[in-house]
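Structure first, commentary second.
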Amino acid sequence: MARLDTTRTSAHQLRPFSSSQNLLNRADGSAQFDFGGSSVLCSVVGPAEVKLRDEKLNKATLEVIVRPLVGLPGVKDKACERAIRETLEPIVISALHPRTLVQIVVQTMKDNGSILSTALNAAIMALLDAGIPLNSIIGSVTCIIDSKTNEILLDPTTEEIARAKSTHVFVFDNKSSIPSSTSASMDVDISNDDDGSPRPLFSESTGLFTEEEYLECVNISFKACQAVHGFIRTAVSKKIEKEHQQTQA
Amino acid sequence: MASTSISVSAAESPAFSFSASTFQKLHPVEFFRKFISQGVRPDGRLLEGFRPTTVHKNVVSTANGSAMVRIGGTTVICGVKAEVAEPKMDSPNQGYLVPNVELSPMCSSSFRPGPPSEQAQAVSEAINRVLKESKVLDLTDLCIEEGKAVWALWADVSCVSYDGNIYDAALLSVMTALSDVRIRKPTYNEGIIKVSGAEILDDENSFTLNLARTPLSATFSLFDSSMALLADANAAEEAICQGEISVTLDEKGQICALSKVGAASSSQTLLRQCIATARTRTDELRSIIRSQ
Amino acid sequence: MKDTEPSKNEREFLLEALREGARIDGRKFYDFRTLRISFGSDYGAVEVQLGNTRILAKVSCEVIRPYADKPTEGFLSFSTEISPMASTVFEAGRQTDEEVLVSRMIEKAMRRSRALDTEGLCIIAGEKVWSIRVDIHFLDHDGNLADAACIAAITALMHFRRPDVTVVGEEVTVHPIEQRNPVPLSIHHIPISVTFALFDKGERMVVDPTYLEEQIMEGDLALTLNVHKEICALSKAGGMPLELEKVVQCSKIAAVKVQEITEQIEAALAADKKKR
Amino acid sequence: MDRKRVPGPELTVPPLVEYALDQKRWSPQEECRHDANRQPEDLRPIYLKTGLISQASGSAYIELEKTKIACGVYGPRPIKKSGYGFSGTGTLNCEFKFATFACVKRRNHIRDPQERELSMILTQALTPAVRLELLPKSAIDVYITVLECDGLSSCFAAAITAASVALAHAGIEMIDLVAACSASYVIMDRTLSSAVPPPSTTSDSAPAAVSLRPPTIIMDADLEEEKFEEGSIMVAYMPSLNEVTHVLQNGKVDRSIVSQSVEHCIEACNKIYAVMRHALVESIDEKQTR
Amino acid sequence: MASTAEAVIPGQRLGHAQEYIAGSGTYLHQDFLYASVVGIKQINPSDNDGLPFLTVQRESSQSAIPDIDTIVTCKVLRINPRFASVSIMVVNGKPCTDDFQGIIRAQDVRATEKDKVKIYNSFRPGDIVRAQVVSLGDARSYYLSTAANELGVIFGTSIAGGSLVPISWQEMQCTKTKAVELRKCAKPL
Amino acid sequence: MAPPVQNTPAEQQDGEQYESGLHVILPGDLLPPTQSQDSEDVVMAPVIKLGPGLQPMSDESIVAVKAGILQSTASANRWWVQSNQKRYVPSSGESVIGIVRGKTAEHYKLDIGAAHPALLGVMAFEGATKRNRPNHEASILGDLLYCRVALANKDMDPELECFNPTTGKADGYGGLEGGHVFKVSLGLARRLLDPKTLVLRLLGQHIPFETAVGINGRVWINSASASHTILVCNAIKNSEYLSPKECESMVKSLIQKM
């Protein structure tokens, strides 16, 4: 079944991704992540001075600001901010920097669908660039179920989303087996909840769909996210090595 | 709440002893873990237990449709008001359906006066998306005169008392209020829209909304430190939980929205469990609506 | 977060260097930093880098109803809210003086000088006109946001194409750009802003100040001109007085800069056109 | 444009309501009230209950038939607003808000000048009754939301009554409760033709038809009746100390009528006081049975 | 079940000033006693056969606020060389609905050798401290003192994240690592 | 600035197998047992010292929390992740350059580029006594001070001192007069601490200049003339991502421009 996005031959094919880190000079860390025609730039500042009213005495305060490409930020963007923040909170080891602020600003640069996923991938790479302590890396993809073909399409474009009967955004970390909140000095026992299946860290679905369709989306997206993990690892490694080798006098 | 005294006496430090309330204030997480370890919650509920829920239609006569919903200590009132507006250029025959949730400082000390908090905005947007993306209402039903005038339905939810799980309560109140909406039939004449002032409204002089489906939700909170799943968390529980799984279903059992945010990654077993529990819960809610 | 003042040493060194005729980043007094202009895949998206200052401008359009008193006049609006990404000095949703200055400057340079033909945006008088919106995103702040924003805005407007429309009586059909070649906006002229930072009571002036220079300068003088040497806007901030001939001198220098920058913009646009 | 709410159309208006010519509508002419069973001095039945807001220190809910008001009291708690210096006594702060759907025309989410004014009056009416001298450095916040409004002055009076019950329910020390009641001046023999309803509340602009007959004082007027009022009065009163804490009068009427209506209101307040007392005693019993 | 006969509400006249002594929940106005809270009227014979006490037993007790000399339990938020800022969570054994701000100045940490006190050898952020209100303080904070045996840190978490137990009046030990940390601890009651 | 890394889905699949000489490690990666147990005594000794970028887990395993290159001492009993970042997080014993922002009776408040302002006791100078207070009385605001982090932990604002605690002497700590200061990445700052660093060596051959390097990414340069100082500053800034060869030509070209 052909996709509306004619550049792609298969339903589960992702658009080529690319990224670059450390391209802003004022921020402590920054990264741009592209899924084909969708691109998000993300900056990170911190651990920095925090406003008294936001101060948390046992951990860093995470602040996420989302800025749309067109128009002023509205409730949609606030909802995104919340989703991104609550997804990153268990990933950032905030207990190491109490009473500080880690501020993440997310700016859409090009919008051709799957923006939330693009943003989450940009955010994790920016956090890596800033050297914020993390207990794992995450990867995100979006998929839809096409209303005409009932097919699951990965990494959809705006056009494809317009024809979706449901939209699903997923995030997986690179080690679901290891508990998330090691920092919080609490001993986590997830054995009661380990069935060996892919474990979404974040999942947001809207539209109309069945349980079976949903679980299929989870599994397909999981594979795709591993590709994203692989890419992030490759990209970050290349940068680190480049820096390292060049500076060996 | 016999269980309280038991588990807290166990919680007392050798040196200093406190009343249950003081202990909860000083060490909320520990206090809570003690209960969870015994499979109960401070308010006596089991982990998967929901709070008593009531729904009342048509409680505000100044609104075209209204509903009051109580879930335990949470009380919300949704009033839907129909007013006349100009349609958008690119959708000349579509009306507006605009849900907004207000979390005023009256309903809890955790809300400040002023513009809506992030929470209020997020809940409003979540409801807005469900209404839109699961196509609850065909907006062309709200057209009065193409390109000239349409109905704008303001579905405002005012939270009177906040004790957690605002999404379930707000969505329930919005859907019930929409089903209660009655709008006087309009006449259009050179930009003037008139409706009859008749005392008694019937299908002759007014119309009701034709809702494609009635999405209702069940929300569960994740208590990270022991990966426990709490149905319908109250305010105190929300404060110490790190994540949330929320499932929204229509009467045919189709999923209209599903979200898992915050806390550690969760297995599919857990997700399935949530969906299953949500089915029984939303069925309950539907019978509650019918019963009144 | 509040702005952090530069140290005494930086302040004194910068002034000392100026007196020796040098700028800290090695530039001459009247040099702009390297200007990079790159275009997005879709029309009207432009990223401008002026040294380390970085700005994205995005043009969009929609059909709306005109004001009753100006039935044939289209709309042109700019959003210049400065993102905290540019610098933590800026807080989301809270306006700073700098933001006010920049947006005023853009207003003067673009709208008041009628750089864009808004009459040309009319579809049906009194019924439908185009509303053009320019979102200016400030990504990285190393001084002189105003000039960079101005370059980004005008370049984006020149790059933008709006969908073609056909009107049959009251009926308006908007053709998606995939189906029919979109239409460029009609630009009257290309306003370019050149900002001078003033030191030592105006004894020393430098163009395109960096962030550090802005923090230390005593005042600034911003001129907006086009290649026809028409001055579209002139604003002087900072308390100290400035003799007229200084202003004249500035406008002479600015004229040269405007020439250079305009050529660079046109070259970039031409290069991009070839690619498409 | 409001960026923090789901956006709707810039401007919406209620449709024009058109009444059939043969349609019978109430007007004061027939010497009877909008609710035919009420005599001029009759109040609407009052439903008053405490403790509906689970998180509040104290709360009350009041209903006068259609009129519905919820009130929550928080404190004493540290003063939130910065800029306050050290204060040896507590501060009482009231916020009065209509729900967007509470009135015929949709209300805005943002508090308008009228709501701000009423908030101020509310504070003035309640402060004398609260023993703030016992609460240094602390603030008591009273929040009122009108869920449905059937008559503005009567609604506002009910808000004061509810607020003082909520304060007592919060266990805050008071020298007395504050009951409030309103009365409207309506000329009952006006014929429909001359019955151009003056702009409901701010009728200090001279009444439309200057009438020979003195207006009737009708207690606790509803919205329909307010449309025809020449003016109105609202009295807030401490029943057992027999002291008035606030009087709000508008419209141009004879002095004698004002003093007369004040008496009527005080009488009414004493009736309301019985209801308040009942509600509070009830709240004790509930706690006991818990 | 309270027989409503003895249930009273604010402003209710309770009796003549000559016959009773005004107790809690009541106030004196001209020559009468009135209730100032909702509750149950109670008359207790005075110890030295004077006039009996007239009090109103609050039913809904007002949420607690600190006053001079009251014992409070608070959590340490921030510390600097001059003082520790705390949030007061419990007043006289009653949790506050909204926390109050307080500070413990270096000179109020202990009774002896006040000038030798180092705040960060006495308190750490996160510590739970029992203290006494010495004054209403400034616009923002109450001033608190721990200068008594039974006052000081009652709960603490070690750097390793284990809980601390007192081993002397100025030392606590981590239950995990057995490492000793300095605190001004409260003597268990 | 690192150039964009382009990848197509085709090559992503083998991303996990990405191999190279250096051991690049990412957050969530466990410290490979092969490495942490290659020497006997480590297996015996339960405690191996963890440097920056590594954290012990509840289940005794050790996990990386930063992206960088895994490094260890020869004896393999100390492990850390060598990474680069811009934001300074104080740790005691490090030398930093601070800007004076405020003053109380007993402390100066310094901005050292960390999350919290650092406190410098007015007595924390060589030979400071109640009687002869250090000379920074006049208007110290905005002054540059070269200090040593005396105390740093997450619960407190960091504290500084302007003398070497072992010798009690100033040992170069104290006010930095004149010259210019600029920001570099913490990685570059660390390298610049070594006076034999290539760029410093190359510059030194042509221009005499003094330098003070703060681990907090602030570098202070002073020389005979402003133009020299400017040249040195820019040369150092540019050197960050240059290979030795590129670095030499860069310096050469700058020198020629003079």
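Letters are used for the chains, namely A, B, C, D, E and F, taken in the order the chains are written, and counting of residues starts over at 1 for each.
The rule is short, and it goes like this: contacts are C-beta pairs under 8 Å (C-beta built on N, C-alpha and C of every residue); 3 or more make two chains touch, one makes a residue touch a chain.
If you want to know which protein each chain is, UniProt gives these names: A = Exosome component 5; B = Ribosomal RNA-processing protein 43; C = Exosome complex component RRP45; D = Exoribonuclease phosphorolytic domain-containing protein; E = Exosome complex component CSL4; F = Ribosomal RNA-processing protein 40.
Just so it is clear, the model here is predicted, and its values are computed rather than measured.
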item	value
Given chain E and chain F, the chains that contact each of them	A
Number of hops, chain D to chain F, where each hop joins two touching chains	2
Farthest chain (mean CA position) relative to chain C	E
Pair joined by more contacting C-beta pairs (B-C or A-C)	A-C
Whole-Å gap between the CA centroids of chain A (Exosome component 5) and chain D	52
Centroid distance [mean C-alpha coordinates] between chain E and chain B, Å	39
Chain centre separation in whole Å, for chain B relative to chain A (Exosome component 5) (CA means)	28
Between chain C and chain E, centroid-to-centroid distance (C-alpha), Å	61
Touching two or more other chains - residue numbers and ranges from chain F	155
Multi-chain contact sites of chain E, meaning residues that touch two or more partners	75, 97-98, 125-126
Junction residues of chain A (Exosome component 5) - those touching two or more other chains	45, 48-49, 72-73, 75, 78, 98-99, 173, 179, 187-188
Which pairs of chains touch, using the document's own definition	A-B, A-C, A-D, A-E, A-F, B-C, B-D, B-E, C-F, D-E, E-F
Residue ranges of chain A (Exosome component 5) in contact with chain D within the complex	72-75, 78
Residue ranges of chain B in contact with chain C within the complex	89-90
Contacting residues of chain C [partner chain F, same complex]	4-13, 16-17, 20, 22-26
Chain E contact footprint on chain A (Exosome component 5) (complex, rising order)	55, 57-58, 98-99, 185
Contacting residues of chain A (Exosome component 5) [partner chain B, same complex]	75-76, 78-79, 81-83, 86-87, 89-90, 166-167, 172-173, 176, 179-181, 184, 186-190, 192-195, 197-211, 214-215, 218
